[in-house]
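Here the structure comes first, spelled out in structure tokens, and everything after it is commentary.
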Amino acid sequence: MRSPVPLLLPVLLIVGWEVAAHFIDNPFILPSLTTVIPILLHPFSDKFTLGTGSLVDNAAVSLFRVALGFALAALIAIPLGIGMGRSALLNNILDATIELLRPIPPLAWVPLALAWFKIGLVSIVFIILIGAFFPILLNTIDGVKSIKRTWVEVALTLGARESDILGKVILHGAAPTIWTGLRVGFGISWMCVVAAEWLPGTTRGLGYLILYAYNFGQTNVIIAGMVIIGIIGIVIDQVFKAGERRWFSWRALER
Amino acid sequence: MTLTIRNITKDFLVPGDQSICALSEITFSVADEEFVSVLGPSGCGKTTLLRIIAGLEYATSGSIEINGEIISGRSPRMAMIFQEYSLYPWRTVRDNVTFGLEVGGMHKSQAREVAQTYLHLVGLDDFADRYPHELSGGMRQRVTVARALAIKPQILLMDEPFGALDAQTRNRLQEELLEIWEKTKKTIIFVTHSVDEAVYLADRLIVLTSRPARVCEVIPIHLARPRDRTGQEFARVRRQVLDLIAQPKCSLQ
Amino acid sequence: ITPSPPAENRVSLIQARGTGPMPTLLGTGQIDAYIAWQPTPEVAPLAGIGKVLLYSGDLPPEGKWKNHPCCVLSARQDTIAEQPDLVNAISALTILSTRYVTEHPDESAEIVADWLAGKGNFTYGNVSVSSVDVLKQAFPTVKFVNEPTGPWINGNIEFVHALRELGVLTGSLANTTDEETIAILFDTGPYYQAKAMIESGTIITPPSSGKEIGIGYLNSDHDAALFVAVKNWQYFNDNYGIALKPVDRTTSKPEKAELIVNGQKIANVRLVPGDAGPQLMQLASTNAIQMAYVGNPPVIAAADKGTPIKIVLAINTEGSGVVVSKESPATDWKSFVDWAKARSAAGKPLVIAAPGKGSIQDVMIRYSLEESDLSIIEE
Amino acid sequence: MRSPVPLLLPVLLIVGWEVAAHFIDNPFILPSLTTVIPILLHPFSDKFTLGTGSLVDNAAVSLFRVALGFALAALIAIPLGIGMGRSALLNNILDATIELLRPIPPLAWVPLALAWFKIGLVSIVFIILIGAFFPILLNTIDGVKSIKRTWVEVALTLGARESDILGKVILHGAAPTIWTGLRVGFGISWMCVVAAEWLPGTTRGLGYLILYAYNFGQTNVIIAGMVIIGIIGIVIDQVFKAGERRWFSWRALER
Amino acid sequence: MTLTIRNITKDFLVPGDQSICALSEITFSVADEEFVSVLGPSGCGKTTLLRIIAGLEYATSGSIEINGEIISGRSPRMAMIFQEYSLYPWRTVRDNVTFGLEVGGMHKSQAREVAQTYLHLVGLDDFADRYPHELSGGMRQRVTVARALAIKPQILLMDEPFGALDAQTRNRLQEELLEIWEKTKKTIIFVTHSVDEAVYLADRLIVLTSRPARVCEVIPIHLARPRDRTGQEFARVRRQVLDLIAQPKCSLQ
């Protein structure tokens, strides 16, 4: 018994778009859906994408890059965050530096990334990593710091050593917050892939597709690319949310 | 096995280089298999005292002794049940109980068997695979009791374990606790600020003053068990205790 | 009412960051004209948003921009020094391939269309045009030559002067004489050695190099020689013993190739597209790429800033075009200037887009506008 | 009695940088600090910034743009979020569309922004607005939805009308969460300004400065620009945090 | 002014198209200025009943009448004090008390005067400018009492207002409540699950069964005021009540 209400606005938007496209009659401003939909309907064809490979190819390339950058960010940020959450000294040493680096937009690293990591996957992955790193780190620190003291003390009175406490208490107790950090971090990585794929030397990926289409004024391809980005983004976000419901429902239900 | 709390004083440093004296020269002993209640007004330092005994906090001065031997830090002979809700919400009831066994190095399958025994003891056989959030407050506290007992401590430190429960549940758990105590023959230090609860449970009451806590009275309870809360006898002892702790030197109110 | 005579005839010049946004800007009425390298000028008539006013060789003053230098092959100085045979080999391939392009313009245009757009269609509203047709149309406006002749070198020097006037040159080329400039900027050795190898009929096999070599290029038909060399690698391999063999032959825009000389694999080559020359020069400066097919001003600016880079040979001359909106009354430069003056007088100066400050197109349009008594306002 | 520990890492990084710069000896990869610091020490001079105006000028321009985009985002997102938090119907209508638009990176809107809003301030502000909009909206919805039911019911039993409840209960109760949304949203706007200032026709701003310096290989200017971005970001974040402590300390202290 | 609860039944719809019956045919009356306690086990439906009386929830059937007149929805003659902490943490104590007056359209300065009166009544004159988080739990509940009284209701609905407090504080507040009741002459319906509390406070107890709640006993308390909690008389009445509600039909336990 699903309500049709959520479909109302999308349908209205689509109709409004087509009507507007008809009246504006300028494919640079608003291409008619008849030029966008064929692209979306043939995600495996490279007929519409100016020789950059099919939508699916490009999406796969972007996803792979994001997965890599994101995984690296998580691999560095989670242990670091746990360390900073547990050790006041480590926190003291790193905090100021992290606070200064955090507000620098991933995009601003582009010139340096190219100089340091040269053209290619490493630079792209670096930009994505920067995007995901800080939300994961901050959430991990927060999660570890806001672990209930009692949980740790119970473990202590039951004879746990530091390794038990880390593995059996901290990691579990902070997991929901870390997971949220991962979700937010993934969202930002996914945003950064577009910027990263505007790096020179790139010839694949959804970000590249958008930029390349822009070079030839192919607004319809741009919009198709954005739709795919939106859909992939929403799907992955839902996967994270499902994970949260699946594994961390205890947090919402506790108390 | 005798537990002796000797001359325990605790000052907390607080921001601004000041210090709060929470405990002042607390001394008392607990005999083997004795059930002692520590009674004191809110914020007097009861939790602090228990934490020091459990080795979670250092005393500023004084010592904790078992059979005359000073212990420092945590001792496997003691287990503590906390005032606030303290189960691991991501573990099932059974896995909460096995926690102490696991970190003690016991094999998983054996730990599960032991857990089963103690879950049975607290009457939660059927809830082993549930998660804490699926249990009522009373059931949760029974799990913490099982978890503490599972590591076979000699001394059980209980910090207002039933404080958050409603009266009916609380009464029921008090009865169950006494049963378990009789079965397992533990030494129990039970902190509370309810005179009723203390009188119903304990062999002896240690009454603390408000902060800084000092021992103000030690009152043995000579009521036969099982005690009847609604009985005349109970009301009399209860009144006696209330009168005693109403002395100015106790300043319980 | 008599309109007060204009104090100045003015046009507004904006920098578009490459050619990318130009069709969009023109198509949405934000600019009245643009100057760009091919094939961007051809996009306008196809999309029905404008017409090509003239090609760059015809910009005023008469004859000044005939055969004006455009893209060049540049190489890092240390690469030339350490791997001379490799630079010579790539130079030779470029010369051979340029020759092929001039001899087979239609096939070459098709190859470029494949490289740039997978031979797909460009779609603008109801109009959908094959990229092959677009490039065939653009091709005759580009002159594919390699020889670093005297006039060509002088043409480059003119750009140095122009950039200096723009204030872009603040480093090693800020105050040099023309001779010094030539010494800093050019190393035509590889061209002549390549030429000699081609004439003798044998390409010298460079020593195999474990290092990957990066070659930058622009997504423009100016770089047709590179695209043809890669796509027709078999032809060059079979006939001259030199080839850039794409690793993935299924893709329309290969990223990786192998340099093969006399049947022997010499080096892995990475083909690096950039949106505009400065980007590629930035990569060259950090040794991320070693050679680049790129417009001459970025090379000049980079050399000025201390990047050890040299111009080796020419890739093409001319090959840019000026586009005006479809509402424009202009049909040639003169009527364009009249239009600009009328609009300036009406208080709505023309807005013209160029692909970046100091680019060839930027320098030329400035010169031509000022030559025609139009003063430039920026932003 | 401030500990010097937080300064440890920055000092180490600076020394390491200078040493590395000495050995790498390539100003494109890592310029010596002696070329970066003079720029930072003369924030009012335009001698070092390739004729794009002084650091302070550029920062002011960027800040103005961000402030505008951010303020607009807040002005739209907060009322909308309150509406969606209070009305299940409105939430149903808008939710799906918002979820689809949310993952599309601000950068991907660049081509469309240019077509729709033309060159100039409006396009730039639009990109920034997109960046700030979703965190503010989602936090507002969340804040309104998680208002304690008792707060509303107390108001009802005390005779409050819907307008009282909105103005005196919901708005106050949700304020801390909305504020967090504003803080996060501002952070993202600030990230987007770099992307937005890469739009054609821009000739001022820190993002433009970085891009322009990049085009001429002035890595020292790029780094100076990044430092300024970092510092401004950290300062504004601290302002938001101070506001939180000042006005919403009740939330942390409650219970 | 008589309040009559007539035949109130409440079914909650729960996911899966089922329904939970929380209240079943509840009928009783409360006289003017009477202090009635509603006593029932946890989860039986006490809060639900109070919410229906306050007009925050609709009954499935039955009616609430004042002087024989059916009222629907909220009535300005009633004020409710909630089980959980319900002060507005962003308002000072005084501004919490003025809330009801402000939304009622009273001028700010006048509202502050009225607030002062009631803060004085609950003994919090000195805390008017503090924020809720600066107060102890007991003080907070006194503020909610002042807030409720400030709008001059005739009937005060109190849902376990002292449930979360420790025993000492609770006793003190009970005494204060009685004083206020005597001064202001309100009608009070006081929900609790503590027999002690009910016996100490009320003129009459309405005892509910466990879910679905029905009225199981109505017990008048004929103890003179002030009552002495530790007195023999008190213990006797308390025992009587406990015996009465231990009947199978009440199934309180």
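As written, the chain order gives the labels A, B, C, D and E, with residue 1 at the start of each chain.
Note that in this section a residue touches a chain if its C-beta (ideal position, glycine included) is under 8 Å from a C-beta of that chain, and two chains touch if they have at least 3 such contacts.
All values derive from a computational prediction rather than experimental measurement.
Between the contact lists of subunit A and subunit E, the overlap consists of B, D.
Across the structure, the highest number of inter-chain C-beta contacts is found for A-D.
Chain geometry summary: the mean Cα position of subunit C and that of subunit E are 85 Å apart. With each centre defined as the average position of its C-alpha atoms, the distance from subunit A to subunit B rounds to 49 Å. Shared interface positions of subunit B, defined as residues touching 2 or more other chains, are absent. For subunit D, the set of residues that touch two or more other chains comprises 28-29, 111, 115, 198, 214. Looking at subunit C, residues 21, 24, 27-28, 279, 282, 286 sit in touch with two or more other chains. Contacting chain pairs (ordered by label): A-B, A-C, A-D, B-E, C-D, D-E.
Those residues of subunit E that touch subunit D in the complex are listed here as 54-56, 74, 76, 78-80, 82, 84-86, 88-91, 99-100, 102-104, 131-133, 147-148, 151.
Put simply, subunit E touches subunit B in their complex at residues 41-42, 163, 166-169, 193-196, 230, 232, 235, 238-239, 242, 252-253. Residue ranges on subunit A touching subunit D, taken from their complex, read 3, 5-10, 13, 28-29, 89, 92-97, 99-112, 115-116, 187, 190-195, 198, 207, 210, 213-214, 219, 222-223, 225-226, 229-234, 237. The touching residues of subunit A, when paired with subunit B in their complex, are 148, 150-151, 153-161, 164, 168-169, 172-173, 175, 248, 250-251, 253-255.
Subunit A contributes residues 25-29, 31-32, 35, 46-53, 111, 114-115, 118-120, 200-203, 211-212, 214-220 to its touches with subunit C in the complex.
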